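Please see the structure below; I have some questions.
The first chain written gets the first letter, and so on, giving A, B, C and D; residue counts start at 1 in each chain.
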Amino acid sequence: MVEWPTPLSANPSLQQQRPVDVVPLIEFDISLPSFKKMEMKLNAEILNEQNSRFIETHKPEYHFLAQSLEKKGVQVNDVIKKLQELQVAIPSWALGAGGTRFGRFSYQGEPASLENKISDVGIIHALTNTAGAISLHIPWDIPKDYNAIKELAASLDIKFDAVNSNTFQDQPSMNKSYRFGSLCNTDSSVREIAIQHNLEVIDTGKKLGSNSLTVWLADGSNFPGQQNFQEALQNTKESLKHIYKSMPDDWKLFIEYKPYEPNFYSTVIQDWGTSLMLAEGCGQRAYTLVDLGHHLPNTNIEQIVATLMMKGKLGGFHFNDSKYGDDDLTVGSVKPYALFLIWNELVYGMENNPNNPSPAWMIDASHNIKDPLEDLLQSLEAIQIAYAQALLVDQKGLQEAQKQQDATLCQEILQDAYRTDVRPLLREARLCSSAAIEPIASYRSLNIRNQLIKERGLHTVASGL
Amino acid sequence: MVEWPTPLSANPSLQQQRPVDVVPLIEFDISLPSFKKMEMKLNAEILNEQNSRFIETHKPEYHFLAQSLEKKGVQVNDVIKKLQELQVAIPSWALGAGGTRFGRFSYQGEPASLENKISDVGIIHALTNTAGAISLHIPWDIPKDYNAIKELAASLDIKFDAVNSNTFQDQPSMNKSYRFGSLCNTDSSVREIAIQHNLEVIDTGKKLGSNSLTVWLADGSNFPGQQNFQEALQNTKESLKHIYKSMPDDWKLFIEYKPYEPNFYSTVIQDWGTSLMLAEGCGQRAYTLVDLGHHLPNTNIEQIVATLMMKGKLGGFHFNDSKYGDDDLTVGSVKPYALFLIWNELVYGMENNPNNPSPAWMIDASHNIKDPLEDLLQSLEAIQIAYAQALLVDQKGLQEAQKQQDATLCQEILQDAYRTDVRPLLREARLCSSAAIEPIASYRSLNIRNQLIKERGLHTVASGL
Amino acid sequence: MVEWPTPLSANPSLQQQRPVDVVPLIEFDISLPSFKKMEMKLNAEILNEQNSRFIETHKPEYHFLAQSLEKKGVQVNDVIKKLQELQVAIPSWALGAGGTRFGRFSYQGEPASLENKISDVGIIHALTNTAGAISLHIPWDIPKDYNAIKELAASLDIKFDAVNSNTFQDQPSMNKSYRFGSLCNTDSSVREIAIQHNLEVIDTGKKLGSNSLTVWLADGSNFPGQQNFQEALQNTKESLKHIYKSMPDDWKLFIEYKPYEPNFYSTVIQDWGTSLMLAEGCGQRAYTLVDLGHHLPNTNIEQIVATLMMKGKLGGFHFNDSKYGDDDLTVGSVKPYALFLIWNELVYGMENNPNNPSPAWMIDASHNIKDPLEDLLQSLEAIQIAYAQALLVDQKGLQEAQKQQDATLCQEILQDAYRTDVRPLLREARLCSSAAIEPIASYRSLNIRNQLIKERGLHTVASGL
Amino acid sequence: MVEWPTPLSANPSLQQQRPVDVVPLIEFDISLPSFKKMEMKLNAEILNEQNSRFIETHKPEYHFLAQSLEKKGVQVNDVIKKLQELQVAIPSWALGAGGTRFGRFSYQGEPASLENKISDVGIIHALTNTAGAISLHIPWDIPKDYNAIKELAASLDIKFDAVNSNTFQDQPSMNKSYRFGSLCNTDSSVREIAIQHNLEVIDTGKKLGSNSLTVWLADGSNFPGQQNFQEALQNTKESLKHIYKSMPDDWKLFIEYKPYEPNFYSTVIQDWGTSLMLAEGCGQRAYTLVDLGHHLPNTNIEQIVATLMMKGKLGGFHFNDSKYGDDDLTVGSVKPYALFLIWNELVYGMENNPNNPSPAWMIDASHNIKDPLEDLLQSLEAIQIAYAQALLVDQKGLQEAQKQQDATLCQEILQDAYRTDVRPLLREARLCSSAAIEPIASYRSLNIRNQLIKERGLHTVASGL
């Protein structure tokens, strides 16, 4: 008996869907053709059937809200269109259970292969129309059959977003260790191994149709004196320049920063300033990547976003949430207003900073106790909510109020957008994209986790963290 | 020409109210009888006229929301009633401009007397029906004519909430200094002065009909070694016991805690644990008071609230908001979700902890750049929004989901309440109480700040911080 | 070829000891009798030989310092005696390499068995005379042959300190999971499993001669709403009371607190106030245990120590250091002055709070990149330095300066003690105890890590974290 | 009777100097010629007499230490020379009592004029030979008679360090307000006022012989939405460029950063990355200035120092200390090891980064409860101690250990330097410079504060914060 994936009851209409036991509505088959068939069913018939249960509640809510927004001057159709267009990459490592240094509670039906991971993203994308990309982590996700993998992804309408290198864990093939750093290492032979690994990641990405590389370094030190800051930064810069030059001409390099962990005294790329310095050192197609969790307590992240977009150097964005450190919690579960304020800057930048390319969006969360797919569905919902709220901000009114130095009014304008219940807009956007009005309710109603368990077994373990 | 108080434009209907110049609708007169008359007009005719502009938009929004909530099982009338009943005290020192150690930008038309301050609270209360109390700070607010003051307050439906002592600033009459502490001082004669001051504050409170004393101590140290922790705590305990015993039998003592500032190495009552220890040492009617801003970075305040209510020891609550320290910003302006989570615990505790008395609510904010009255109106709105959202939480569903260890569902339930746009409920509650549907819009439309400037002048300075 | 354990060069005299290759001075044999023999050699002959290299430098340094301190009124012999008496327990899990959620770089020659772990502590103790106890973690360290283990420990002069339960990782035998908590779980059958586990830990401890139990709970939640704070605290209290009552009459219960991690939204015992509440709820022999790393940013830990000692409720102390969170770094490697200030309160409390029992001392660190034994040697040195400095504080002068409110002088007094180079006192204390004048230099000179690798192999993995 | 400035007792030899009552050894006279005479006496006869009391203890301590350091390869004479050369500017505003937003406890004998302030610095410099510069804040310190002021300063061997502008407080002459920012203001006429003020500050500095301008901006916002981040940054950049171009060709511009306060949501120049961006935008002679207190919790400041020096862009350094925020406490009173680590990077950078100019050193502290002069003496001592310790670091050994990835040894090397009691080196450096062996003891023994009170009165108030 499967105990864990109990259903939703937040919404009374959802409570009726609570499955007493597992009645497979759809047969999953991980052999490629039948999976595609399943997927098609999930997209069309099945989702229609699901949506039929919610559409009567949804329609009047949407129309009432749309009318009210139109009166305020909002172009609701534009908002819907933008919501439909937003696509957020799912990292391959987020589809299994994560853990902490104290251990990991494994989840049932975890994806045991790259095919499984892509299928999982396919499910999320079918339900939301917001997860049309996957971000692979090498060496965890090296495809065996590139064509089959590309075909599978294409069949699910999934693109290959930035590829990620891993130089924070030693690989069996290595005769040296990253214990004291990779691209920054005092030992040039270790740096060389790390550079070569990145080149291989680029190769893998090229074969899959990706066109960007994300470099996150765990490099740093645990103790004062362990590392020469200047030399470590210099080595990192040279290594990154080497990698940058080896990228195809249309690729972008995203350089992540993080103040601490896994090193607890210093990290080589501790903040956006360092990342930007390195990106500028590499060249035009090197950018800073902002991960929400990678900041010291109380950092004003939205201001960093604004500064980077003004410089045309915000390349990517990793979503998650946290209360204390890099907790990698569900997006929007702890500080939804901060998320909105960040989106407010992102929306402003996308309108006003033509020199900044469209950022690469990704969820970088860890799912320690929830069903990973449900967690990702909640994250996508939170991202879309904040985005929709930011789209509702009366930008013209705000600029006028700022000019008049009317702080009360500025706050009213932002809060008016934030306090609006935008969920009907999200539902409408999904409905228009043939996705699910209520993704989590449908996920539970369709017993998807139980299907995955049936297919994959209780005790598979996802590769990755 | 008065430049500063520009009007609202967030809501298109409000933008039309933008006053081009100051046309006094109502004549303010600080002599008591006429002020009361003005106030009556503000309550009835004037507010009706104001509300007439918003009622057409409000009514359908309210009915649509109420219907939707009723379907989910919410007793909307109960929610409205609870919103009407919530009364939050305004501290007398919050009616003028605050500042920082770097200076203070004074505000125009600040209240120059206790009468002015009560009038200001009267305006806020008339507009919101949520500010039916004032919290005085002695010695800044010692009444000259108790009866007149009580009559004025009663005429505006304002009660006298907890009185506050001040032992963090030396008074001209003192021949000793609080530089090295008050109730904790190593010099017993300084402790005695501080105790006597508290007894005088109690006396003032008794004459006004207050029935509680809030003690916030700035006592602490700036440097390691400066203070003997144990002795300071012991002295504080003895001093508080003395004060506690001197209170009338129906009074409560609220003991505030704060980790730092104005002392920057240690404060004698650094956290809730210390405050609770002292409260238990004093007796049954001594309680801990929680001020939102008085916590270290990332503190889980809602959990502290839950623990204190379980112990029956949460006596009072000071609202404000902050991003870094004890910033005393407008309530809900930075972390509205945290405010909601706290209200969720408060609502739970008020339902489930009969041993905990109804907490004393107060706003403890500083208004450095906004019109203090507008800032307080925004704070009250934020408090009511979070309270309303917390009242919408499906407590039964939540408990069931917690029991089933369904973390996804728990989050859905909380967020479903939080994401609801509850503003129509607040408007309805105010409308039913003959207050303003849109308090800030009406405040601006009525040119109230300009009236106050006319009465009081541009350069009055409020007593207090 | 063994590359990693390179030798010391900080001290020129040490640089000469740099071993070019591994020449085994002593033969290690893990069979009990020969190991004891080796140990005896380490204590007497070998250490004498080692010390002979340092004694000429040490003696004048010690005498010069002692003379200077005696002039200031310090009883140097008393200080030496106290340093000799201080014994800090080594936790069994700290003898292997630790890691982070991102991975773990294993160390060579890690202890693969409980016997190995005790031997490792024996080495540290022989070198320092400060590590005369081991703290076991169950189920990682359940002895197979109790008598043999006790005999081994006794032969190395090692006592069994507090035993530690583990309810944060599921055990193979469990048919339920701690995923949603152990002693706090909403499911009484999970609580029962966790309670029973604690009782078994007590049993193990009894057989070994331990007389205290340390309970650290990972219980908490990752998301708002996931857990009912009051119920979780109530369940924890009841569970702890059950455990408390099951302890032998001469046992103590130590209740640890921690604000976050592995849970990232809340932990049931988030701070000392909660721990104290639970300890008081259990009874007289239940105490709060302070772990340096378990605090929010900027917490004044020394003040917590003072408060707990005043209440007679400081039961134990876990040493480590950190810059950001619970980083578990080498003691004194990041904030040595904070460590001194804490020791200043500990020394004061041990003198002035007879109602507080002598606290149980333990190092709770993780050794991610250093040789664990070297890391522990550095930690013990830092603990002893801070303790020695605290013993030098002119307590009488300090109290007088505090009374006179002379903040400048208070600081001078503390800093005078802190700025003293007390290392000659530590060396003398070790010399008088037949331990090593320079523990790390001797550890390297004796090639001990290489010996362990020879015995145990390169790739053993310590049980535990 | 003067109660407050009680004497030192930390050192038994000092305790004998405790003055029972005020016996003026020297007559202070603020008329210029006699003051100079007094000063000469302080430098020569009087200080000799003071030093005669300490020299017998000092000499053997110094020689013992020097001998021991020479054995380790330290060139002690070089260290002494470097200590003698280090000159730290005293800001004019630090000579009176500071305060918090809750109030200010004034100090007796505060300097009431610029002449008084320079005299105070003269006293500190005579005692320490480390305070040979003053940093003025305009408009608080505009000289009336430039020649007289320059003459006074020269007579005391005091230079004019960077001049500081103040655009965070409105001046009586202004018809606009900095309430919503200065160099960033949306209103170009406010920006113009702020720019003009800076040009006037440069003029004042030129007349005094200063050759650098420090710009610290309080600009920022208290509420989300209040300010357009990009526009504010753009305006600030343009304003700074204007100021930069108006500086003489040999001047430097120092741009300070700070994450919060007095604004509590955002500050325009929130971090070093933003400051560097602005400095690079201005030109070659624009630099970043690091103030220790201006960082978020847990920031690795030493790494920032290293990065800026590598870039050749560390222009100045403000010393102070803090536990929570920008507490402006006595240097070294809370985190002396962090100060040492920073000095370690400064020393490394001064050796290895010829492109970085010699940084401008200043103490930026606030003296809320101590005698400001004593506080500054303690700060200078702490700066020199950390500098001396950093000079003792075995740089070659450290680099070798880093190269060998020997984290244990790296830590040993740093801690060996840090744990050394370097005070004899400071005393020797002062003795060789005809300053005081024990500055605070002599300050008290000479009853200097009482002399100042006699001259200036009890209730003077220093201009400035």
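Simple rule for what comes next: a residue touches a chain if its C-beta (ideal position, glycine included) is under 8 Å from a C-beta of that chain, and two chains touch if they have at least 3 such contacts.
The chain list, named the UniProt way, goes like this: A, B, C, D = Putative sugar isomerase.
Keep in mind the model is a prediction, meaning the values are calculated, not measured.
Common neighbours of subunit A and subunit D under the contact definition above: B, C.
Mostly identical positions are employed by subunit B and subunit C in their mutual contact, as over half of the interface residue numbers are shared between these two copies.
If you average the Cα atoms of subunit B and of subunit D, the two centres end up 40 Å apart.
Inter-chain centre distance (subunit B to subunit C, centres taken as mean C-alpha positions): 46 Å. Counting partner chains per residue, subunit A has residues 179-180, 222-224, 226, 259-260, 265, 297-298, 300, 323-324, 330, 333-334, 337, 369-370, 407, 411, 413 touching two or more of them.
Contact residues on subunit C toward subunit D in their complex (touch as defined above): 4, 6-12, 15, 61, 64, 68, 71-73, 297-298, 300, 323-324, 330, 332-338, 369-371, 374-375, 378, 385, 394, 397, 400-401, 404, 406-409, 411-413, 415-416, 418-421, 423, 440. The touching residues of subunit C, counted against subunit B in their complex, run 179-180, 186-187, 221-231, 233-234, 259-260, 265-266, 270-274, 276-277, 296-300, 302-303, 306-307, 309-311, 337, 341, 344-345, 348-349, 352-353, 398-399, 402-403, 405, 407, 410-411, 413-414. Partner subunit C is touched in their complex by these residues of subunit A: 98-103, 105, 168-170, 177-180, 218, 222-224, 226, 259-262, 264-265, 297, 322-325, 327, 329-330, 333-334, 366, 368-370, 465.
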